[in-house]
Structures are given as structure tokens and as C-alpha cells.
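Chain IDs A, B and C follow the sequence of writing; residue 1 opens each chain.
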Amino acid sequence: MSIWEYANPKKFLATSEKVMPALWVLSIALTVGGLIWGFFLTPDDYRQGSTVKIIFIHVPAALMAINAWFMMLVASLIWVIRRHHVSALAAKAAAPIGVVMTLIALITGALWGQPMWGTWWAWDPRLTSFLVLFLFYLGYIALWEAIEDPDTAADLTAILCLVGSVFAVLSRYAVLFWNQGLHQGASVMRAGAVAGDTEERVSNVFATPLFVCMGGFALLFLVLVLYRTGTEIRARRIKALLARERLEAEA
Amino acid sequence: MIALLLRDLNLAMRAGGGFGLGLSFFLIVTVMVPFAVGPETELLSRIAPGVLWIGALLACLLSLDRILALDWEDGSLDLLATAPLPLEAIVTIKSLAHWITTGLPLVLIAPVLGVLLHLPANAYLWIFVSLLLGTPALSVIGTFGAALTVGLKRGGLLLSLLVLPLYVPTLIFGAEMARRGASGLSTETPMLLLAGISAASVALLPFVSAAVLRINLR
Amino acid sequence: MTLTVSDLSVARGGLPVLEGLSFDLPPGVAVILRGPNGIGKTTLLRTIAGLQPPLKGTVTGAEDQVAYAAHADGIKLTLTVAENLAFWTRVFDHTGIDDAIESFNLTALRDRPAGALSAGQKRRLGLARMLVTGRPIWILDEPTVSLDSDHVRQFSDVVRRHLEGGGSALIATHIDLGLEGTVLNVGPFKAAPPPIDDFDGGFL
């Protein structure tokens, strides 16, 4: 038994179809539960009022926006090295989800920033980096769409993803260098750990439902990727069958 | 290799070669900016380094799809790929030819256009140096984008979409260096980072571009 | 230098088109490829020229030995005939374009920009390129397209001279070139569609 067995499209489809119903239920339950908990069962922040509650969408979406790219990077590497088609298709399937997550993070960020900082948009390093990430996603998706031959498309987008990742990291540092911003540091990870003392920390009342939401978003991402990869596999299969039919008609 | 470089330069100089196109574009952008933002000397002089950088970057972008597409269309690229030159050398030469015909003229003309934008006196040197350090990276990254889109009809717009995000670090460090120079601050850090990006791109990206081209040729 | 093709399968756009091809191309011999349109002759030639990887099988003796002429001639229209040839001479590290120019009757057109040439004249220039490469193995894809009958004969003479000089040629063509060579009909090597339930790997 090797993990690469799941790189076989048939095996992948069979397995993912088995686990997907449970994943759907769990991810929706966690997301909805976490959001209800966060929106209605937590107190308003003494400084930010109820606006703070946008955190329950904003932070998980931002988290998944980055993790989706990371997943695409890993999947691209697997395709380049081991040439499993499922891996390339999974990367393709993840990109539109990633771009939606990025967009959600940007929009909720703007909605949150307006009452807090008094502006919809600021050229803050974190915001700018997300905007750049958004552009990277657009380029990646556009390249997939533009190339007809599926293997060529897989190869070229994988290389773009690898090179893009290097430049995305560079951009991140460049942007930090260019402007130190308004956005607070990532305070979530320190939050659950110790009962802290700084004001900027996310307090425990918010932390637990936030973690539930993050778990829900992560599972939602997972199940969506599985679902979309399955669709891509079937689309690819149909293409192959049609091509095969043309071959037979010629013969 | 020299033969290829000379041919590309020769082609760029002749009719329809597109030499000077980038330069004219750069000139037009620079002239349009004061029309858009108003003629106040102080404002123009403040934004001049940034305008010159973005103008140079766009002018560079404009000519990227000529790097490989012309040779792809007439079949030269296939023939070159079966010639004794390694593909890595071919893309390097192509980048170099693009830099000589587009990047270098932009570097040389930028200080002149700076006059139109009331570039502060101490910034002339810095805009020149920052563009000199940054434009090679623009050409090499652009060649990578051109290699990605070479087989596509109407790949020009896609090329811009792919390449612009990759230009972000170069633009930030390059323009930052020019801006700091203009306001008399230390330019050492952005200069080193810009030089680092250029050096690393020139050293590594041709291998990636060659791999991409190999995939596109098959 | 003998070019050896053994058990070669080639694919176009991810679909296998020809399979199980084996043949030798020793010095002094021409192999003429025949077969209907779309069977994969161009794909085969591109694979042998090293432009695309084979699906299966091997090609040996081709590296740095082949000169490839495709449907497109790779001519720069703003350069003159002589400049075009001189460029390829330098790329292949060879010398002299005069022989190539005379062989294809291009002397009068020598200093004319390639953009002012007719289709047949351009083709002759494209074929003249083969002579300036100095490579022993010629791979020619439909070399006689848009040539008139006199120039087809002239082309055959050039190939014959190349073979006598110890070179070899692999030519895909639909017409009779009057060359004494082995004829290889690729029709029987058409790839069979893969089994329908093979759902692994390439989805084919």
C-alpha cells in the first residue's frame, strides 16, 4: 500500500466519493455553527463594537486563501516530479476556490477597515500582499484556460505556480519594505495559547468560535477541492473518450 | 550565439522590427502624465521617479511578445531548437537582445524625460542607476512570460497578466531606490535588493524559460 | 553515422498516432516516408529531430547530426537571401553559402530581401539552408511544396549529391522525387486506440 495509489483517477474518485458526504456534513456544520456562535453568542468588543464579528469570516478566508496557494504549490511539485494527472487537476481545481477566498478576505477586510481605520482601502503591506496574491491567482487560472492541450497546460501552470511562489514571497518582503502598515500582526495563533495581556490579542471569548470557523473553512476547502477535482477528472475523461472516438472513426 | 544576437539586433533595426516603439511609448506616457495630474512643479517633481519607473516598465511590457512570438510564427524557433545552440543560450540571447533594444534605450532616455517632470537634481543619477539595475530583470522575467505564452494566439494580454505580478518586487525596489535617492536618503538597501533580484533572475530564469519553451515546442 | 529508430511510438496532442516503428538510416541512403494526411508523418519527423519526446522506443544517432526542414522555412523577411543563409551558417558553425545559393538557383536573388520572394523561391531558400548546416542527416517534411517541376528535379539532384557525399535523408513526401531510396509506408503503423477501460495514467 502506497499513498500514490490514490493518484490513480479511478481509485481517487471511488475514495473521495466515499468520504465526501461525511466531509460535506462536517464542514457545513462547523462553518454554520462557528458563524452562529461567533455572530450571536459572543459579546461585542468594548472598542470595536459588533464590527469585530467580521473576524469570523475574514480570518478563516484569509487563512484559506494562502493555504490554497500552498496546496497548489505542493500539487504542482507532485505533478512535475511524479507526473500524476490527479495532482495537476487538483491544483487546477483549487485555484478558483483560492481566488474566491482571497476576494472574500479582501472584501470583508474593506468592510472591517471602513469603521475601524476610517478607510475602505489602505496600501498596507498585508492588504497589498493579498491584492498581489489575487493577481497571481488570476494569471494562473487564465493560463489554464488559455492552453488547449491538457498536459501542456498542466506543465506550464505548474512551472508558473513554482516561479510565482518565489516571486510572491519576494513581493511580500518587498511590500513590507515599502510600507509598514496599519494592520495588526497575526494575533490568532497566539490567542488560544496563553491568557495574555496585550490589547491587540484576540481574547478567548472570540478565539474558540474563531477556531471552529477556521476548521469549518478548512474542511469546506478540502471537500470543494475533492469535488472539483472529481469534476475535472470526469471532464478530462470525456475529452479522452471523444478523442478516442475520433481515432476510431478515422480507422 | 553572437550570430543570433546580431541577427536579432539587425531585425529590430529594420523596418517593422519595432525598435524605438518602446521608446516612443515611454515618451508618450511621460508626456501624458502632466496632462492628467496637472502642471504643478512640486507635485510632478515628487511623483517623477515613480512615473519614470512605471513608464519604463510598461514600455518594456509592450515589446515582450516580440521576443519569441515572431520566431515561433515563421518556424525559426523549431529550427533553432534543432541547431547546436542549447535552448538556455537561445533564451538568454533573446533576453539580452530585448534588453539592448528596449531596456538600454529606456535607461538612457529616462534622465532626459526627467527634465519634463521636474525630477529633483540629485535624482538623475539614481533614476539612471536604478533602471540600469532593474531593466535586465524586466527583460528576463518578460522572456519567461513570453515563453509561457508563445504557442497561444492572441497571447499578448495573457502575457501582461502573467508578467505584471512577477514585476512587483522589481518595481517596488527600483522605484523605492529612485525615490529615496530623490529625497536624499540612503539608497543602499533597495539598491542591493534590486541588484540581487536582477542577478538571481538573470542567473536562474533562463533555465526555467528554456524548460517552458521545450514543453511548448513538443 | 547511422540513424536508428527502434520500436518508436509517437503522440500528437497526447494521443498516440504511430506505434512500433523501427528502421535504420545508414549513410548514403534516403528513406521516403509515405502515408495519408494526418497519419502522423510530421509528428514522427519532429520526434526524430528531437523536438518532442517519443511516447515509447528510442531514436539513436540523431543528436547533433540532423538538420530539420519543417513546413515553415524560418526565413526572416526583412533579411536578404544571403543574410538568411549566412545566419544559419554561423549558427551551425559551418562555412560558405555560395554552394547553397548556386545549388538552388538563387544567385540572381542573392541580395533581394526574402520578403520579396515568391512562395517557391522562399522554399528554395529554406532548402538551401540544409546545405549550410553541414549536418549529415537531413530530415525533410514535404520539401517540394510550391516548387515547380524543374526545381523539384534540381532538389532531387542536390539530395543525390548529399547521399553520394555520405549523407542520408529522411523525406516525407507525396510525389515521386526520382530518388532511389527505401520507401517506408507508415500507414500500417497507425496506433490502435488504447483499451477503453484503461482509465489510468494518461486518461487514455
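Just so we're on the same page, a residue touches a chain if its C-beta (ideal position, glycine included) is under 8 Å from a C-beta of that chain, and two chains touch if they have at least 3 such contacts.
The structure presented is a predicted model; accordingly, all values stated were derived computationally and were not measured.
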{"item": "Any chain that touches subunit B and subunit A", "value": "C"}
{"item": "Centroid comparison with subunit A (C-alpha atoms), farthest chain", "value": "C"}
{"item": "Centre-most chain [mean C-alpha coordinates]", "value": "B"}
{"item": "Gap in Å, rounded to a whole number, between the CA centres of subunit B and subunit A", "value": "32"}
{"item": "Whole-Å gap between the CA centroids of subunit A and subunit C", "value": "49"}
{"item": "Chain centre separation in whole Å, for subunit C relative to subunit B (CA means)", "value": "37"}
{"item": "Residues within subunit B bordering two or more other chains", "value": "218"}
{"item": "Contact set on subunit B toward subunit A in their complex", "value": "144, 148-149, 151-152, 155, 158, 161-162, 164-166, 168-169, 172-173, 176, 189-190, 193, 197, 205, 208, 211-212, 215-216, 218"}
{"item": "List of subunit C residues in touch with subunit B within their complex", "value": "46, 49-53, 64, 66-79, 83, 87-88, 90-93, 129, 133"}
{"item": "Subunit A to subunit B touching residues, read off their complex", "value": "132, 135-136, 138-139, 142-143, 146-147, 152, 155-156, 159-160, 163-164, 167-168, 170-171, 173-175, 177-178"}
{"item": "List of subunit B residues in touch with subunit C within their complex", "value": "2-4, 7, 10-11, 14-17, 71, 73-85, 217-218"}
{"item": "Contact set on subunit C toward subunit A in their complex", "value": "13-15, 38, 190-194, 196, 199-204"}
